[in-house]
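Going by the order they are written in, the chains are A, B, C and D; count residues from 1 in each one.
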Amino acid sequence: MLESLKNDVCLANLELKTSKLIIYSWGNVSGIDRNEGIVAIKPSGVSYDTLTPDDIVLLDLEGNVVEGKLRPSSDTPTHLELYRSFQTLGGICHTHSLNATVWAQACRPIPCLGTTHADYYYGEIPVTASMTNDQIETEYELNTGKIIVETFKNLDPDQMPAVLVANHGPFTWGPTPAKAVESAVVLEQVAEMAMKVAALNPDLKNTSQKLLDKHYLRKHGKNAYYGQN
Amino acid sequence: MLESLKNDVCLANLELKTSKLIIYSWGNVSGIDRNEGIVAIKPSGVSYDTLTPDDIVLLDLEGNVVEGKLRPSSDTPTHLELYRSFQTLGGICHTHSLNATVWAQACRPIPCLGTTHADYYYGEIPVTASMTNDQIETEYELNTGKIIVETFKNLDPDQMPAVLVANHGPFTWGPTPAKAVESAVVLEQVAEMAMKVAALNPDLKNTSQKLLDKHYLRKHGKNAYYGQN
Amino acid sequence: MLESLKNDVCLANLELKTSKLIIYSWGNVSGIDRNEGIVAIKPSGVSYDTLTPDDIVLLDLEGNVVEGKLRPSSDTPTHLELYRSFQTLGGICHTHSLNATVWAQACRPIPCLGTTHADYYYGEIPVTASMTNDQIETEYELNTGKIIVETFKNLDPDQMPAVLVANHGPFTWGPTPAKAVESAVVLEQVAEMAMKVAALNPDLKNTSQKLLDKHYLRKHGKNAYYGQN
Amino acid sequence: MLESLKNDVCLANLELKTSKLIIYSWGNVSGIDRNEGIVAIKPSGVSYDTLTPDDIVLLDLEGNVVEGKLRPSSDTPTHLELYRSFQTLGGICHTHSLNATVWAQACRPIPCLGTTHADYYYGEIPVTASMTNDQIETEYELNTGKIIVETFKNLDPDQMPAVLVANHGPFTWGPTPAKAVESAVVLEQVAEMAMKVAALNPDLKNTSQKLLDKHYLRKHGKNAYYGQN
């Protein structure tokens, strides 16, 4: 069932390796069919070299496996919490990509320092609070999702398709699994740029609201004029 | 019309990807036929994987499309302003290449710290002022061109084929589209070197005028003696 | 004899080059057959481009060559000391990989700053003391092994499959030669991340013990739930 | 004439590109036949994509071209001065490789911080004085050679096959053109490592003389025991 979704999710996972965001079996991408209420996700600890659409695991939004012989990603409860809370998400991606993970480990949000950032993210990339011992002790992966949702209480996930989980790494998303991966790739670029700007100019300031509006809105929303549509 | 120009512009755009200066559909290169007064430029938001000379858009210097089915790059008004103001330019390139963009985001010019820089750029790479809200609000891309021209009021664009737009990224140019891309590649190297020198020796000083003259002028101008011509 | 071991050791050595952990003939990987008490190791100074299983040298645990026409790696006495002292090791790897070597040269342990580290190493990566002139003067390579063993007097090598030899570089290990190389690859990632976190947040703190436990133990030991086993 | 030398020099130049030490037509490698007193060097400004042994220029040690249709590298007088002054050199290489050039631009010698460095260089990599206006004004490239020779008045070029020309970049050498390039590759690694160690531990100290002796002398000289000879 849902062959097209499984295929998209498989391809998006393989793109993690092609884009050099992961090594070994690190990282995972999922997608959702909102009509069916079914999530497709990478199996846990499987090599990208052999991954095929048939390996993709299907679950309902409560985490019951509905198809698949393999165990789903250990991060599945995080994905499910995000799909339940953020209704517009079509795909979610998790990596330990180098530079985004560095900001997560430093427990610092990534300031918006220029138009490369503003073209994709409408403000600084938020970082979650560090998880408490209680949150880690039981239902750790579910609580990872909950702390992301908490971080977004005043943020629109459609305008901010990325978050840094403190001491851990990034989650990114988008309307499709492929777009979730694109956000992971761009986040990695933005994270590396910001780190180097911090070295040249430690007193970092976000760009002006006007420049942020200009660049974000020329690519997104009803007045966008970038691209062919 | 202008098949050769469209072909050169297409190849120069593809070189952005080969040289790893861009990802996705970022960046754009244009060229001009000065006799015809026609500019050829990459279409907006089109993937490099499928770009062909037939996709290149032709415009006059006032921005009227004279050939092409696709919408030109959203940065087209910047290119046109530069062609109108700097009469010797044959090609212009815009990227968000990592290290050059970092200097642009730090709003700092790139000092001339050695002969690698002096071989291509006759002095430090200038950075524009940050744009005002008014400049961003209306005709943003045209004003990007104007602020570059303002930055060059005491500079010769033939001897300084690069600029950093503050909070944004580099524009580079040259006598041809291919040379504009070469300047973008070299600028990226020079930017990375300078950033690392800044880490080792925060008190950066430009090289002596004599060494700058020696290296720039052994490759450029009537007394050049580098190469086979 | 021991064709399978020689083959595994040869492949693991070649993986050093594929993973860009070494250049030229740098680095070496060994493996051991615990039943036979025989160690297989790369020959000294041989190019990876031509390395075959027949080039691999077999020795007993006292360092007597039992098969092979070539001289074994000059680091062989270090490997043997580790095999004698750490009974569970099946493979050992030595590289001068860039970022791990930087921490070794800085004589600093790599703090555990996040889950990428905690997934593989149960605490900070230790660094040995600097070797004394006496230790360097005679039996240098054997003493390199001994100083590693000394560094582990309160550590379990199964839970910490890596060490930094001060002023030198990393040794890593695992149950097989391939796993020893995997640890070298991951160490290099962890080392690069930690260096960049140090630049953003010089006041480095290890992650909470709870988060370390969670991530290490979800991948290792009897309660592990990562992967398909 | 000297087909074998021209071939070696051509291959060594091509290795600059394969090793990613240069872009475009940057850099140059030469070799010498000491019996004939003839130097073979890359022509000036020629692309590596088309370089063949027939393009290599032959000169005597006074700089008279004895074979070749192309103009020799503009850095030829530097190479010749080094061959005249350092009698054991068989090949010389010049690049603007990123990290070595950064140290040259920072006008700082590269301290010996570990065994990777000590395996190849018997002490810190020296940097020349900055050239005076007079030295730059006339016979600049010859004076570049002379300032290197001056820097080595108390150094043995066989034990220190590399130098940083201040504000410029590295020259490396060895008994053959290939070995000169190998030194350039290793210097680039050592330079990158040292820069990162400097970020972690700004108070850099050279390794102990004992460790330097141990590593340098286990690979070089009559008591060497690394490799198969």
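Here is the rule we go by: contacts are C-beta pairs under 8 Å (C-beta built on N, C-alpha and C of every residue); 3 or more make two chains touch, one makes a residue touch a chain.
Owing to the predicted nature of the structure, the values given are computational and were not obtained by experimental measurement.
> Mind checking subunit A against subunit C and telling me if their interface is mostly the same residue numbers on each side, over half, or mostly different?
Different, since under half the interface numbering is common to both chains.
> Tell me, please, which chain's centre (mean of its C-alpha atoms) is farthest from the centre of subunit D?
Chain centre farthest from subunit D's centre: A.
> Just how far, in Å, is the C-alpha centre of subunit D from the one of subunit A?
So the centre of subunit A lies 46 Å away from the centre of subunit D.
> How far is the middle of subunit A from the middle of subunit B, if each middle is the mean of its Cα atoms, in Å?
33
> For subunit C, what residues touch not just one other chain but two or more?
199
> For this structure, enumerate the chain pairs that meet the touch criterion.
A-B, A-C, B-D, C-D
> With touch defined as at the start, can you tell me which subunit C residues reach subunit A in the complex?
Listed in rising order, the residues of subunit C that touch subunit A are 113-116, 182, 185-186, 189, 192-194, 196-197, 199-201, 207-208, 210-211, 214, 218, 225-228.
> Along subunit C, where are the residues that touch subunit D in the complex?
23-25, 43-46, 70-71, 74, 96, 98-99, 101-108, 130-131, 133, 136-137, 140, 167-169, 195, 198-199
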